[in-house]
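Step one of this worksheet: look at the structure below.
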Amino acid sequence: MKHTDERSRPVPPLPSQEPVRLVDRHGRRHEHSSFTAPDHAVLAELHRAMVIGRRFNQQASTLARQGRLAVYPSSKGQEAAQVGGVLALSEQDWLFPSYRDSVAMVTHGVDPVKTLTLFRGDWHSGYNPHHYRCAPQCTPLATNASHAVGLTYAARRKGRDVAALVLMGDGATSEGDAHEAYNFAAVWNTPVVFLIQNNHWAISVPVHRQSAAPTLAHKAVGYGIRGYNVDGNDAAAVHAVVAHALAEARAGHGPAIVEALTYRVDPHTNSDAPQRYRDPAEVAYWSERDPLTRLEALLRNEQIVDDGLLEIYERDAERVAGRVRERMAGQDRLDPASLFTDVYATVPPSLERQRRELAEELREV
Amino acid sequence: MKHTDERSRPVPPLPSQEPVRLVDRHGRRHEHSSFTAPDHAVLAELHRAMVIGRRFNQQASTLARQGRLAVYPSSKGQEAAQVGGVLALSEQDWLFPSYRDSVAMVTHGVDPVKTLTLFRGDWHSGYNPHHYRCAPQCTPLATNASHAVGLTYAARRKGRDVAALVLMGDGATSEGDAHEAYNFAAVWNTPVVFLIQNNHWAISVPVHRQSAAPTLAHKAVGYGIRGYNVDGNDAAAVHAVVAHALAEARAGHGPAIVEALTYRVDPHTNSDAPQRYRDPAEVAYWSERDPLTRLEALLRNEQIVDDGLLEIYERDAERVAGRVRERMAGQDRLDPASLFTDVYATVPPSLERQRRELAEELREV
Amino acid sequence: MGAALNQALRDALAEDPDVVVYGEDVGPLGGVFRVTDDLASDFGEERCFDSPLAESGIVGTAIGMAMYGMRPVVEMQFDAFAYPAFEQVVSHLAKMRNRTRGALTLPVVIRIPYGGGIGGVEHHSDSSEAYYTHTPGLRVVTPGTPADAYSMLREAIACDDPVVFLEPKRRYWSRQSVELPVRTRPMARSVVRRPGTDLTLIAYGPTVETALEAAEQAAAEGCEVEVVDLRQLAPFDDATVTASVRRTGRAVVVHEASVFGGYGAEVAARVTEQCFHYLEAPVLRVGGLDVPYPPPKLEEHHLPGVDRILAAVDRLQWESQWTEDHG
Amino acid sequence: MGAALNQALRDALAEDPDVVVYGEDVGPLGGVFRVTDDLASDFGEERCFDSPLAESGIVGTAIGMAMYGMRPVVEMQFDAFAYPAFEQVVSHLAKMRNRTRGALTLPVVIRIPYGGGIGGVEHHSDSSEAYYTHTPGLRVVTPGTPADAYSMLREAIACDDPVVFLEPKRRYWSRQSVELPVRTRPMARSVVRRPGTDLTLIAYGPTVETALEAAEQAAAEGCEVEVVDLRQLAPFDDATVTASVRRTGRAVVVHEASVFGGYGAEVAARVTEQCFHYLEAPVLRVGGLDVPYPPPKLEEHHLPGVDRILAAVDRLQWESQWTEDHG
């Protein structure tokens, strides 16, 4: 009988509380029984993306300080989690970022300037999501997670092999929407990996005030899916674990929750006051575990890259930063009439009237 | 450092997938390594409450069929879960029932007639929650779970030792509100036991379409709290497990999720059409596992009760049913003016105007 | 009108493989109102199926499906049970096209059985249209007749905008017979359901039938009432209503929701702006009391019935008198 | 006004041990707008603390606390982030007293920084008052001055009804100085902020200051505008407004929310009902466009500024002219 069979679902393997680590903080390889580091080319690519990401974070933070961006939520310190997760995606896969995931987006291929449209205040979302297979940056926490479930469900229905990576913060896991998305993904068995960047803080609220769980990855148990803990400052480990989870998911073995333990080194945004809630010693502790230093050490130790290549990475990063700077120096002409287009498929008469009125107002000024 | 300590929270013991059972379906005691059946007096009391509950379910279903109740969601088959849970409460504890938990409420001491006010359509909630330490029956699924967390939090702040039992269905666990309540309870460490009556169906939707979890009790892991599986048709086991969970919770060891595996034998409500979605064989299967038969067999086997006492229980049940019948036969005078009182602490002028207008309308008729 | 809605879903499923119908109990049970009756068995459970019980998740996944080219039609079991999805509806569904400058269109239909009059216990009779109509980016429609139920649901499913499709649940069993398929006027346009010269009764959804009854009774007393059925509440094309009120000079808006801050306020304010110099009296609103929806045994006092409408009609005639005497 | 709100919370915490303040980041950080600055350190984290990040849970637990005699004051970090709590607000908070015939009273205050004008990115500038004012059982209030911010918040916390306390976030930094504590008029009453004879400007929250500026400019051009600050939006005591409009014969309502289905519709409809025969022209509404709240660089076109208000004032004068010529 069905109702008895249901009870025989196996308990998925519990996530180990010890995060998967493949490279230690001194850049030495670390053995792991289940995961192996990606090959040299990928390791180099991870590092290159982090170098660009770090520079992008710096540049955007500077622009925010200068008032050229309305706001910028920096992910300095979290580059490994973002880059490691995104580079594990296949070409056809989608990314569902939050506001803190500009580096992930840039790595995923979104035009760096367009990732900043939201923060510059020109428009809400600056790019065509279909073009980049990247959903709009999401501000209402945890709300885009169910979109990823729906999108991958639709793709499967249309016979396409599309998986999705959802990026969310530790704080976002407290929202009901996170729960509903995990559950829908599990019940519908859609290929989604939920990558929780546990950066220890939700603005000023420490993670132990969000959850009493052994780890956030343990939430997976309650949905009958797999959970993984990974050292979020080890790009190789994040890549290996997310790649594995994506492969499992697309093979039909279910979605997964991956918790990447990392740290937000910068303030929440440029208008935050972290001295009010956290000890500078904590920042220092984590700065010693910087994801870039670590991977660079490995790459140098093992001669995967040399000074020349590292310089090229730096130059690539500078070019991205320069392009962003240039574009932000100017002022785009924003047409107020654009407020009325794209509210509906066609502009309804009532809005047409408002458009005319606004045009008249502006003529009068 | 705090952020590293946080990771060392222990994994709570996993719920066993085998539900705790203390009395088998033939009324024989069943050994369990951690739980023991309550004493004779409690066993007798459990049975008495179930006899009354069963009769109450029948009576209310009849009244609904006769159109004297607008609707009645019967819990026939679930009496052990409700009675077992409620009788484990201490005198000062609160109950947070859903619409299906009339039997729990009656057992908790709420006037049986007043539990039906909602279903009769006279008013939304028929009793003073403070008087019975029983929140209003809750229709929007999972929404009263966080109320229990807040209430027990407030009680602790006021120095009172109050725990709460929240009753919810398998379907309700899919709602974001269930998640948020579990999480708040865990983080605030409030003495709440969430008793999930997994009756296999959420109206027409089977539980395997709600969740892919090994058991619903496994959800506890993701909140860092304890989960228990219990045979929901074994009143002794439900009582033992809920009593244990309550004791742990009030001792400060955290809230718990208890999944009671049971079955809704009647339709969802009197207007449901179960033949559309479930196999009658399933109902037959569960009817053989009836909670009343089972406990009665034990009580008789062990001579805890005799025919005389059982007859008294039946008479008590008849008296409750008779009282309900009588009160439902009449028609209460409902004063339309009562629509306006208690919307606000005092009737605002705008409502006063509407009250006058309605009174005039009614005079004219 | 339940049968007409069922047929509309059926025809949409048959025509367009991208249409899917899901929600709570819409599969084998056919929904608690049986609007999706037999769809699961006839089209297979790939096309019509039960989802987990979580409204925010239902709307959220529908958004994701629509991002990938599907046309999901989801059901909220009752009006008040759509509130858990409010954030998804307001912050995503309504705004996605605008946020992305048209790159993402979300052809999602949210079907919501709404309103009272069926003896439902609390939380089963809310009229929530005002929450949605105040949210730019949503189309909010509600049919008043079975023919419109069919035609407007087809149009809603074909529409590239997200549509909140409010089904007046007490009209599910309406016996008005109708030949299907049928195509009525585009949903964006209001229609005059009954011509009249003395006063305009503005109604939508469940109150259309009530307004027509009231108009009949008023006619018996010599007052010719025009009844306008609004159909699409937002965006609102006020042309039909404005033309009518300019002719009749008097108007009453009727809805079930509480009057305060209700949709009728918008209609009254707008009609007044457009027709001020034609009005003989203020536009009146007849609707629910400003109280939580009452229990079944008291709901008759809340719902705007024929008598309450006629009282407003009378009052307006008296008011017009006043204008003639003092104006 | 931020400082006045902080002082109000401070004084309420000091006076009543049942008051607690919680929400996201209200503890050590003092809230993202610093309204709860230093409360956690001064009163201890038993009295002012950070909760998990889940708005429905925040309101739900506040309901439970209030059931047991506490007076929770919770903060939603921004307007749009209150939507996850919508079901708790509408289906429980607003209805609990009514459901239980007064046995349960819920003295909960939900503080919501609302409205635009601070260059916030999407979802950070919504004006959501219409959603709440249409929900019977809630008191919805919004202060327009620092003195009112203090006095009304104290009154809200002491009130036995649930109060949605809307804080006009762009006025947090208002430099108007005020001696605290202060007691202003009871929040249920509107006040005339500036007397005038020619026209009534009706405003609330963030638009009070804008309306006063517009009135100054109009005065320079010889038009004496009366400004009414509504303060408590629901339940609405229309006595002050009605008296004013009966005197001036012309009215304009100003708010930031989209005009369509906004709170201004209720005010316009109601004032018209009460004052029809005194009105020289229709009540006009000046508010946000019927579009999703724009990005920072375009928000100036959405927000009703002095110019847009003055244009409406002009139009009404022209309309009155029309009445005199043709009326």
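First chain written, first letter: the chains are A, B, C and D, and each begins at residue 1.
Operating definition for what follows: a contact is a pair of C-beta atoms (placed from the backbone, for glycine too) under 8 Å apart; a residue touches a chain by one contact, two chains touch by 3 or more.
Because the structure is predicted, anything quoted here is derived from the model rather than measured.
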Interface with more contacting C-beta pairs, comparing B-D to A-D: B-D
Chain whose mean Cα position lies farthest from chain C: A
Chain centre separation (chain A, chain C; CA means) in Å: 40
Euclidean distance of C-alpha centroids - chain A vs chain D, Å: 36
Interface hub residues of chain B, defined as touching at least two other chains: 123-124, 140, 174-177, 180, 183, 187, 209-211, 338, 343, 350-351
Junction residues of chain D - those touching two or more other chains: 51-52, 54, 56-57, 80, 83-84, 87, 91, 95, 98-99, 122-123, 136-137, 235-236, 260, 290-292
Contact set on chain D toward chain A in their complex: 24-25, 27-30, 32, 50-57, 80-81, 83-84, 119-124, 260, 289-292, 294-298, 301-302, 307-308, 311
Chain B to chain D touching residues, read off their complex: 123-125, 127-131, 135-136, 140, 143-155, 157-158, 162, 176-177, 180-181, 183-184, 187, 338, 341-345, 348-351
Residue ranges of chain B in contact with chain C within the complex: 70-71, 118-124, 139-141, 171-172, 174-177, 202-205, 209-211, 273, 276-277, 334, 336, 338-340, 343, 350-351, 354, 358, 361-362, 365
Chain D residues within the chain B interface of the complex: 20, 46, 51-52, 54, 56-57, 59-70, 72, 84, 87-88, 91-92, 95-105, 136-137, 139, 159-161, 188, 235-239
Contact set on chain A toward chain B in their complex: 1-3, 6-12, 14, 17, 174-180, 183, 186-187, 189, 200, 206-215, 218-225, 254, 261, 263, 281-282, 285
